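I'd like to ask some things about the structure below.
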């Protein structure tokens, strides 16, 4: 599809519709919009299959609202992550239809539309404290159209709670495992089922949990093949990757 | 004891006490063979879709040969990773058909059989020195039936070498990015195409590359969504996960 | 005692015992003023080409104001970095002409005077959240007389936003690249143009960004030659070094 | 001088100035033998319940042989850990009855004498490569008189191999869990049975296993209570502590 | 579904299909109650010998109260650790008999019932600042029925304060050593008496104490055998393990 | 019990069973007073040459006041370090003569009495922000009777400020070098004069100063011999050690 | 200049000299040559001002020789870094004119041609052991045409050795400071002269020098402005950057 | 140029322009001899009280021999540390009187001359494996004229071995404590006697001893005041500093 863009630019130049300088400028790839403090990438939905996502931390409420407004003008849907209630208020004023998901700390401009033909993405968490990250992953996957099943508080210290869910795991399209502390859940899940497992270490724990480093290292060294890892507390990244995998062969 | 379990499952199936699906489900979780120093998991191919893989480091040549022989007796195919030439010699004596892939440090008992209906798994490497890890990933994916395209030496310091491959990247099923040093290739690739990207940091570099830690951290913090990471130099894990993803909707 | 040294140098010059060059050389290495809690180095502007810069963190508002007042008495211009609004208020009382640059957290006693004959120093940032550090670098360079071009929010996940700026990069005298997270922007920029690149890692990110360590390590391992790195969030240091480089052959 | 202390204690006991209990108490804290390069602690068997153990690394073969000879003269039994074959040869020459346990890298002067009335100490290992450490733990426990059961290669990636051993685990006196990589076995075992679990991280793995640090951190953060950890590869320490626990209420 | 499992086990026992031992064994591994945000493991007291312990950090006061209420309904006793006064207030409202132990930051639903036939668990602390962790260990051990002796402020810089306690140490069943800074107390205690020593590093100290890492490393490298370590500040884990050890041969 | 020990020692001296020297020797190692939460070591002044020092962090104001009151009753002088103003208020109420040194965060019960026959201890600091730590070192040394010279803000970026002090450095008894950031001052001073140098890294700096770790590492690797290092921000430890050294041959 | 390349491609398309597909292919930036295991970037000399540099570590002697031969065919000059004698032998066979610089571990195809109009690049090293890295920097700068002055063994422990060189430092165009251990030389040099300083930490030292990490951290935290840092032991990078800076305004 | 400086100083002294003290002061800071690869600092013995010490690691045998020969020509005595037998051979050829101390890895040109009027420097080691470092410290102190007492193998796991030495410790001038593993010996010694303690961490240990980092951290956090620390395995530095302290008031 991108090829078409380039082709049309060259064709316009050959026919004289645009001059050399314009052709060169356009060829420097794809369009974005300059806000001064940010360059909104309107064609990301074309290129990446979903609208630009606004990482709200380190931006003022006004910047967040302004960026989401510009994205909405082009794409309809938009997503804000790591959003405080205060930043949502600023967005809400600009875009009354916006919704806030408190536990996931996310803003969505429209409710998710689920494609029921897709397999389920199953999100597991080891403990109750891992839920904010798990919810960010789950909601991201839903916002991209995937059916999501949540299975929380199934840490390996009570293995039977996990084993009781085995039939569901075996029917999933992708598994997201969210765990802090020693992060052993990823290895156990990866050993039980032959599915892609995306492991998300969380900063839950104390002392030598080192704000998630221990869980991260544990997951990277999983003795089960088929496990890959994202950054600590990066529920969004896990949800996005799970969606890319889950929609393979369906919307590809 | 394990034998009894299998027997009873099969018997229950024969008498109609359980149906085929239940029998399969039960069989998925049990049998292994005790070698004294190892417990060979013969039903992994049933449960995980590929035969047990022997991680050869830390095992004697004799142990490696013995384990591969036992797997072969049940599964036909078997795979040895991190295998030195010396360990291959021991295997070769026991299983004359075995092949050694020197750069990938892998032993295969049979040549890969590629399923041409699958999309390509594209393996990119940043530099020439990353090739052993890239080859381990590529050969693993091939051994599991996937067509694989190798694109090596396309580090971001010469960006045009990578951009020239864009059309191929856009047709891939999954991308594996293998890079050491600062590992920036994963972010750039992840930003260019909307495909699942599995990043493999390598221990290539010196000084503050810290044997791959810098590349690992860089990949975990990728500003591009859709990237997940495996352990340093873990070409096998990347190949295995890529295969699980690539065969979704086809052999699932 | 210091006064005596200066006096004797000047006297020696007056009597012809030493020539001008010697006098200057001697003067370069001596005088400072004792405030009790600080030793203000009045001849730094002679020795280093710019007045003493006050690092405001860890000093009381009164100390900051007092030091800046003493510098001003000798040099006219003075610069305060990492200054809170509260510390600026104390300075403002003592020196009404002082200006506060909020985003850069800097105090200047006089507006910058730009030498338009110099090449541009181009400051690039990967994201919106990197702006405070980028502004500190930019304003420092301007205060030292350099024309500065700001190009913000051009992270490698949207590569086309960067490529669109290529002609500007190629005309720059020095490039300052400010980035957090995985810091890949430094490598990509360093590979695109043959200019000195000063990379500034920022503490932007979460989890394994480790408050800028990942960006720092990534930049130190850049596969592009021509990149050097300063401390995390050290916009001032980058601006100062860029100025030293940019004015080579002009004011040297 | 030490001799005088002992003499005076014994004399005081003989004359009735102190009773037997006091004499024993005093004797517990004093005598050792000066070899120049080492101070052999002959009364450790009195104080600690087992003869001095010689950590052979960093000592010459001659030093090892000389120390073991001196211990033997007082205690009969003695134990050498981290002993190379070369060091054993030196001991063998001095003490012909000495035995070498190659996998455990240990020297024993006498075969272990097992107290069959004690509960079993169960030593589990995650993989074949963990065996040297597991054997050091097992042999240490045996040398101190405990019955030991070895269950090797039961890593969590094939959970059924572990679950098959549950009845044995539930009858054990103490469990020693030896694992490298992500060390998840300790958490899973600790969650399954209400027994003291001593976790031994091993340096098995590569990349981010960091020579056992990941397993160590994982075990320290175990979500299962009842788990404590010893140094990486410290099979001896685990065996010694397990013996102290296992003999509680029996030989205490 | 879980209810069905329990029912079928009990039914099978009633009809004589399985004997008592089998019924107990089966019951040990299954039931839990789904609260939505948590899966309360009611049979942990059966399986692990004590009711489920609620780690209060990262849970809301309402979640804590709700979970404790559900546990109480099955078990009578329950324990909350890392509980703030605010969380206790929520529990107090739901369960008026609950008690708060401020220094230990623990909630108990019933006063501990001590089994006076057991040996003492001795809890030593190096300094006054280690007391919160020491108290958590002591109270946990008491809540599980063990007599506990506290010996605080006996750091090795004043060795005589420790040596004065030697007779008590030698009569203990298990020793818990709680220390921050350089954690040397564990080595000294482990060398003095032949008892199981559980070392708890604390985050007490500054600079290179690194919030307990130095004490942890020191304890892991103890030159005295018989020492094992739990996570930094993990008084609960130490108390739980000490209880498991202390009750060996008594309630096993 | 401790009282009995002291009594018996004194009695033995009175009856001539032991001579004065023996009595002193025995007294050096025993008495302390039990406060419940602390064991005050009253004979430390005998054994260590100065009264017990109270590290106030992690103690309540009441505990601090109570401990200082008990020390005062035996020793007259006492010292509190890391004391907040609030803790001083509690002490002040109990001991009206107590003084607070705000910058050093120290409490002294009596003004220091300087022994003018001793050489000067010279305390150097690299910057203004290092002053709290430098003052803690200086005041500690003064409280122990040493004349102290303060030379602040002589960091190596303005080397002439340091060189101007060379004659003073060469007459000092001991040098204490206090520096954060890169801590280079210790190496430079250690190379200039043949005196014992005690280096104190401070947590001054940002980014990769890592709260003093960089300064610590730099000082440990000093290319100048004669430099030893204490913990980050440990002004007290430096002052105490400097005093021990400075009084050698005088009060020894 | 690159703009010309693009313009000529577009012009060729418009005039029909090349078809659409060719234009697109060409536009995907600049030319390189595919060797299978490497993609030689022939236009780097155009884009970056010097021929491709071959990093020899991790490549076979044959690969090194083959790559250098291909570069030579286009560029005349080529440079190999981190080259063992063995790899040089392979190059020598293919290119008889090649030279080996043993201490710098570098291969040059032609002797450097110095542009005497340029200012000197001064390379300082702290000790004799830093010479291999210093030589790599110096030779790189020479190969790119810069006059280079070497000043070795001027560590800060003997400050007078450095101060004796001050007049030379003040005339330099750029300074490269090479130091291991505590790396203090960079700060001292940066404080003495107002020149761009490129600091190169080396892996010289032991213990807590951590293979150069301490020197690196020290240099990043330099209290002198105007210092930037490259990777540990990265003499090449420093030489390359120094050349870019030194030739500003001359060959720009 | 250096020669001129010396000449002018001496001339000024001869003519009475400066007095003896001034001449000495001036001479202290200047002369050194240029060897090309090293700058031998001949006046260090004047400035620092001992001849230049050659750190042999990273120098060739020829360089070592050449440097020692040049030092000998000026000073008589010279010292080589970290010297392999091979390097000693080269020195021996050049200077037949040279002696090699194998365990300490040191070369001395002359036997030490002990000043018996000085107090003893006591060197303690925790274990037999710490002896090479302890010997380096002891021999360094002896070479500088101090009487040295060695007390080895007195680790805290057998506390009575240390306590037996208490009378000797109390008469020492300075204590050097050499220990690996958990390094607790420094804290215990520092608490027992009021003497300056120089702690030397060694790289003895395994796993989490991290080549001496654990011992280092433990020593830096010593709860006993009066302890300072040098780099890991830095016996020379400890001996040098101990000598500076021990000779205070005697040779000062």
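Lettered A, B, C, D, E, F, G and H in written order, each chain numbered from 1.
Convention: a contact is a pair of C-beta atoms (placed from the backbone, for glycine too) under 8 Å apart; a residue touches a chain by one contact, two chains touch by 3 or more.
Note that the coordinates shown come from a computational prediction; the quantities given were computed from them, not determined experimentally.
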Those chains which touch chain H and also touch chain F: E, G
Topological distance between chain C and chain G, in contact steps: 1
Each chain counted as touching chain D and chain H at once: E
Chain located farthest away, centre of chain G as origin (C-alpha): E
Same-interface partner of F-H, chosen from the options D-H, C-G or B-C, over half of the pairs matching: C-G
Chain D-chain G separation of Cα centroids, rounded to whole Å: 54
Separation of mean Cα positions, chain D and chain B [Å, integer]: 39
Intercentroid distance (Cα basis), chain E paired with chain D, Å: 25
Touching two or more other chains - residue numbers and ranges from chain H: 29, 127, 158-159, 192, 207-209, 213, 216, 220-221, 225, 231
Interchain contacts (touch definition) - all pairs: A-B, A-C, A-D, A-E, A-G, B-C, B-D, B-G, C-F, C-G, D-E, D-H, E-F, E-H, F-G, F-H, G-H
Complex contact set, residues of chain E against chain A: 1-2, 29-30, 32, 37-39, 41, 44, 57-59, 63, 82, 201, 203, 211-213, 216, 231-234
Sites on chain A touched by chain B in the complex: 2-3, 47-49, 53, 167, 170, 173, 192-196, 198, 216, 220-221, 225-231, 236-238, 240-241, 244-246, 248-250
Partner chain B, residues of chain C touching it in the complex: 126-127, 155-159, 181-184, 187-188, 190-192, 205, 207-210, 213-215, 217-224
Partner chain H, residues of chain G touching it in the complex: 127-129, 131, 152-154, 158-161, 164, 204, 206-209
Chain A-touching residues of chain G, taken from the complex the two chains share: 3, 6-7, 10-11, 13-14, 20, 23-24, 27
